[in-house]
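Next come the structures, one after another.
One chain, subunit A, links the two complexes that follow: it is found with subunit B in the first and with subunit C in the second.
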Partner chain A sequence: MIEILLILFAPILGGLVYGFERVVRARMQNRQGPPLLQPFYDMYKLIDKQSFIVNPYHSILGVMHFLTLWAVVAFVILGGNLLYIVFLHLLSVIFIILAGFSVNSIYSHIGSNRELLATLAYEPVLVMLSVGFFMLNGSFDISVIREHTSSIFPLFLLFLAFLLVIPIKLKKSPFDASEAHQEIVGGVEIEFSGVFFEFIYMAKWLEYVFIYLLLLLFAGNNIILGAGLAVAVFFLVNLVDNSTARVKMVHLVKIVLGIGVTLGMLNLLGLGYV
Partner chain B sequence: MTPYSILIVSPLVFALVVLVGNAVVRNIFTIIFVIGLSALSLGNIALFSISSELHLSHLFHNLFILLDIIVLFYFLWRGVVSKHSLVIILALLQIVLYGVVITLSPKLISSDILVDQISSIMYLVINMVGGIIIVYALKYIESEEFSRLKKNGFIAMLFFFLAVMNFIVSTNNIEIFFLLFELTTLCSYILIGYRNDEVSVKNALKALWMNQIGGVAILVALLVSILQYDTVYFNILIRIIDVNYLLPIVFLAIAAFVKGASIPFDKWLIGAMVAPTPVSAILHSATMVKIAPYLMLKLAPAMSGFVSITVTLIGTFVFFAATLIALSKDYFKEILGYSTIALLALMMSLAAIGTPEAITACILLIMFHAVSKALLFLQAGILEKNFHLKYVNDINGLVNHSKLVVFFIIVGFASLTLPPFGVFIGKFMAIESISKELLMHPLYVFALIFLALGSVVMTLLYFKVVAKLFAKDVDLKLPHVEISKFYTIPSFLLLILLFIGIAISFEREFLSSAQIIVPLVLILLIPILFSTLLFKNAHRVKEYNCGEKDGLKLGMYYFYLTERTTKSISAVSIIGLLILIIGVLL
Partner chain C sequence: MFDLKKYRKKSPWILHYNAGSCNGCDIEILACLSPKYDLERFGVINTGNPKQSDIFLVTGPVTFRTRERLVELYTQMPEPKVVIAVGSCACTGCVFRDMYNVEVGIDRYIPVDVYVPGCASSPELIIDGVVKGLEILEQKTKEMEKPFKLFKEATTDDGIVNRRHSALKVGEDDAKD
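This part shows the complex of A and B:
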């Protein structure tokens, strides 16, 4: 029952996290910042807007991106197979990439290209992460992982690799080149408007839920550790976001693939031997 | 008559029938025959006992030896005529080795024909997918400028190919296997050179000499097997083989790498593109290259320790490297070709792992890769014939001209990467089984990394192409063309096979039901949303273009691979093969 409720309210939960993050980020910069519920005010305003579309494929693929991501989050909450979840998540990313390519806009295309490259960088890390959990717990099932004790120490290197992935997925500096508002006007988001932009906006919130739920897996059955981990990572990510400059796409791929895969490999090798 | 003998003999007879007669009669007969063949291969799996054995008489053995000598001398003759020294040397080498092999008479005898579950599955792939491609070829070949006899000969050749393939997956005798291996080489040589222009002849010769290396490898394996183990039968060899002396297995595996066009033997399959498209379709999906994973599956029980790990590592490395090379290509068929090479290498490494789960994954990949690739190659043929498009960069905005072709291409690519399609399940199980091996042996970590990197590069590659289909292009003006039913119906049949595949994996519980239904519903939602959402009322706007009024023409991006990278990829795979041979010898 609680799972169903969690799934239903996942976008709202994500919206709250997103709103809180804006407050925290503003305070870090010595600003007042928007109210906590600002994302929901935005949503309310967007409903009223007239819907402008470029072409139907574009709009539908945007909606599909949101729906698939919701399904991904549902699988995580219900304790599904982690490896499968990683690939289903890939499907959701592919929808938004195709949406970006389906309009004849230069910003949208660059955004999609960058999104593809970013996927290339973080996807192997996520796969290795799942394999790490499998080697430790003997199962890919999240429900089994949640029953075991914390795996943060045996999977510490993979945890570090995962920390590199978080800013990419949450579009945070230094790895936010695929959105890069000042440069390519939001990339794939640019041509969405009105109701259809709402779906993209909510998908962004779901991405938060997805990433933080994955993070909680490191804590296993230790709830206190999980809470601590989430809070610590939340502040760390925002601190880094506020204090670093955006890196170029090519560097993003090199850094995340090079460091992430090396860390993952070392970790898996270590698990095999110990 | 047993089902397998009908499957082997009837296409041979039918090949002679289609040689004469006009197009209409030929087409009707072919369609009926293909339906019969598919029904028989289905019936074989459903009704008849799965395993059957047979020992062929002495007469047959002598006939096969005669055939073999004819084929080898034909290769020699082709080499002399076209002054190709490699072909001549390899043909001579094969003749000498074969001469030695037939003088020896090993004592341990088993049955020549052995049909097991894997053979039955291969029958399905060969006859159903191959049959559908032949139906497609009926129309395709009519649009080529050949004489009537040559057109009919093309169809006959394809049927001959099917017969050889049906035989090769039924045989248990390595000597007969060698003959059939050479016959498939012969088929591909003739089919690739069918247009008989300069490029075709050159590429056909390339295919010939590369595949001859495979022939030599089989002969060496045969020789070692006879001298060391006194047998020429797969099942006996696998049973009595000494784990410290796996030399015959390694040479057979190398033959598989050659047939599977694994890097560094990839050039022949890519060269095969010059032939009429049905040839590529049939080589890449139902026949020829599928010998490679099939042979590996046959050898799987004998592989252990060093050999298993090395083959797995080579396979996964090729999987990664081939997708990387494909990323730098623009020619649609070439992209498909390299992704075939990649997936075949993956199948071979799964077979080499040899756990039940890995074997299931391998079989799933064999089946559904065939269907998806056939579907994609058929579309490549349509693009060439109807729209005169060969390069990905030119297919901008095809969605405005032929929704159906675009739909098929998207489904084809999606079925190679996304849940819940068969190939995805295969890859998914591949990662699972490699993770399990990883617990035993740390070296598998490299296999895992290659697999993870390779599959994400593959996704990048496929969706780069799919994205191009969606992209609108102001310049593209194509004439309106009606696509022939001979082209669309085979594509629809393949589509049905894909969905049957989903049904099978649903029933066999390769994935849980939610894991299959959710993505299926999501994918089916797209057309539903498309037809229900009322876009007529929505305001259409142009894209934000910084106020510029000119239309944009957006090109394709490539990933440039330097000469050095490609060379080092070949070098690594050659070193891998050498390590395999030397390691076993030591």
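This part shows the complex of A and C:
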């Protein structure tokens, strides 16, 4: 029962996290910042706006991106297969990339290209993460992983690699070159407007829920450790976001593939010998 | 059922366009978004994307090179929208009035809702102008507003309004002229 409620309210939960994050970021810059419910005000406004449809496939692919991501979050909450979830999440990213390529805007194409490169960089880390959980717990099922004790110490190097993935997925500095608001005006989301942009906006909230739920897997059945981990990573990510500049796409791929995959492989090799 | 109209003024997203300004007003607009004045406490985001913005901040007298882009950006913004002319140049042309290479303010081309004077306008005035613009935004309907020049009537394809070719290039045939 509580799982179904969580799934239904997952976008709202993500919106609250996003609103809280905007307040935290403003306070870090010594500003007052928007109200906590600002993302929902944006959402109501976007319902009321006129929406331009560039072509039908573009809009439908945007909606599909949101729906697939919601399904991913639902599978994580219900405790499905982790490897399956990683690939379903890849499908949702593919939808938004296709939407970016389906219009004529140059910025949209650049955004899609960068999104593809970012996917290339972080996807191996996510796959290695699920393999690490499998070697430790003997199952890909999230429900099994949640019953075991915390796996943050045996999977510490993979945890560090996962920390590199979080800013890419949440579009945070230094790894936000695929969105880059001042440079390519949002990349893939540039041609969406009105109600259809709202789906992209809400998909961004669901991304928050997905990433923090994956983070909670490291805590296993230890709820206190999980809460501490989520809060600590939340503040760490925002601190790094506020204090670093954006890196170029080629450096993003080099850093994440070089450091992330190396750390992951070392961890998996270590688990194989133990 | 709650009224969606009252949420319009809680999340205005800004599109900022420099129509040949000297950058004085642009720096003041950026100062508004900085920690000291913090426009984001009203929910303002500087999007830079016409398709997702509600408020069009224009600075500068309209030079001949920027006319097409001004009308193009205006037609790309979805309704309801508000146009704010920031600075004396955008309002009247200021010291560049009646020169050979500029127009007399932006209201020759697009309908303007709020005029913010000053050379350069101070951040306090710009914030006042944006807040005044929000009051107007609440009254607006989704009726399409049209630029005065460089504009062709929008066509309808299968009952859907198509505005893709509504902004004209300079020198292209205009039925109104």
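General remarks:
Just so it is clear, the second predicted complex is superposed on the first by the 274 of 274 C-alpha atoms of A that agree within 3 Å, B and C clash if a C-alpha of one lies under 4 Å from a C-alpha of the other, contacts with A are read in each partner's own complex, and residues count from 1 in each chain.
Rule of thumb we're sticking to: a contact is a pair of C-beta atoms (placed from the backbone, for glycine too) under 8 Å apart; a residue touches a chain by one contact, two chains touch by 3 or more.
The structure presented is a predicted model; accordingly, all values stated were derived computationally and were not measured.
In the superposition on chain A, A:A245 makes contact with neither subunit B nor subunit C. Looking at the shared chain after the overlay, A:F52 reaches both subunit B and subunit C. After overlaying the two complexes on the shared chain, residue contacts for A:E191 are found with subunit B and with subunit C alike. Touch criterion met: A:H109 reaches subunit B, while subunit C stays clear of it.
Measured by the number of subunit A residues touched, the leading partner among subunit B and subunit C is B. By the touch criterion defined above, A:A26 lies against subunit C but remains apart from subunit B after alignment on the C-alpha atoms of chain A. In the superposed model, A:Y84 lies in contact with subunit B only, and not with subunit C. Looking at the shared chain after the overlay, A:L98 reaches subunit B, while subunit C stays out of its contact range. When the two structures are aligned on the shared chain, A:I2 is found in touch with neither subunit B nor subunit C.
Of the two partner chains, subunit B is the only one that A:M135 touches; subunit C does not reach it. Residues 50-53, 185, 190-191 of subunit A lie in contact with subunit B in one complex and with subunit C in the other. Those residues of subunit C lying in contact with subunit A across their complex are 4-5, 7-8, 10-11, 35, 38, 40-43, 47-49, 51-52, 54, 76, 78-80, 142, 160, 163. In the complex of the two chains, the subunit A residues touching subunit C come out as 22, 26, 29-35, 38, 41-42, 44-45, 47-53, 181-182, 185-186, 190-194, 197.
Subunit A meets subunit B in the complex at residues 50-57, 59-61, 63-64, 67-68, 71, 75, 80-81, 83-84, 87-88, 90-91, 94, 97-98, 101-109, 112-113, 116-117, 119-120, 123-124, 127-128, 131, 134-135, 140, 185, 190-191, 261, 264-265, 268-269, 272-273.
Against subunit A, the residues of subunit B that register as touching in their complex are 399, 418-419, 424, 428, 431-432, 435, 438-439, 441-442, 445, 448-449, 452-453, 455-457, 459-460, 463-464, 466-468, 470-474, 511-512, 514-515, 518-519, 522, 525-526, 529-530, 533, 535, 538-545, 551-552, 554, 557.
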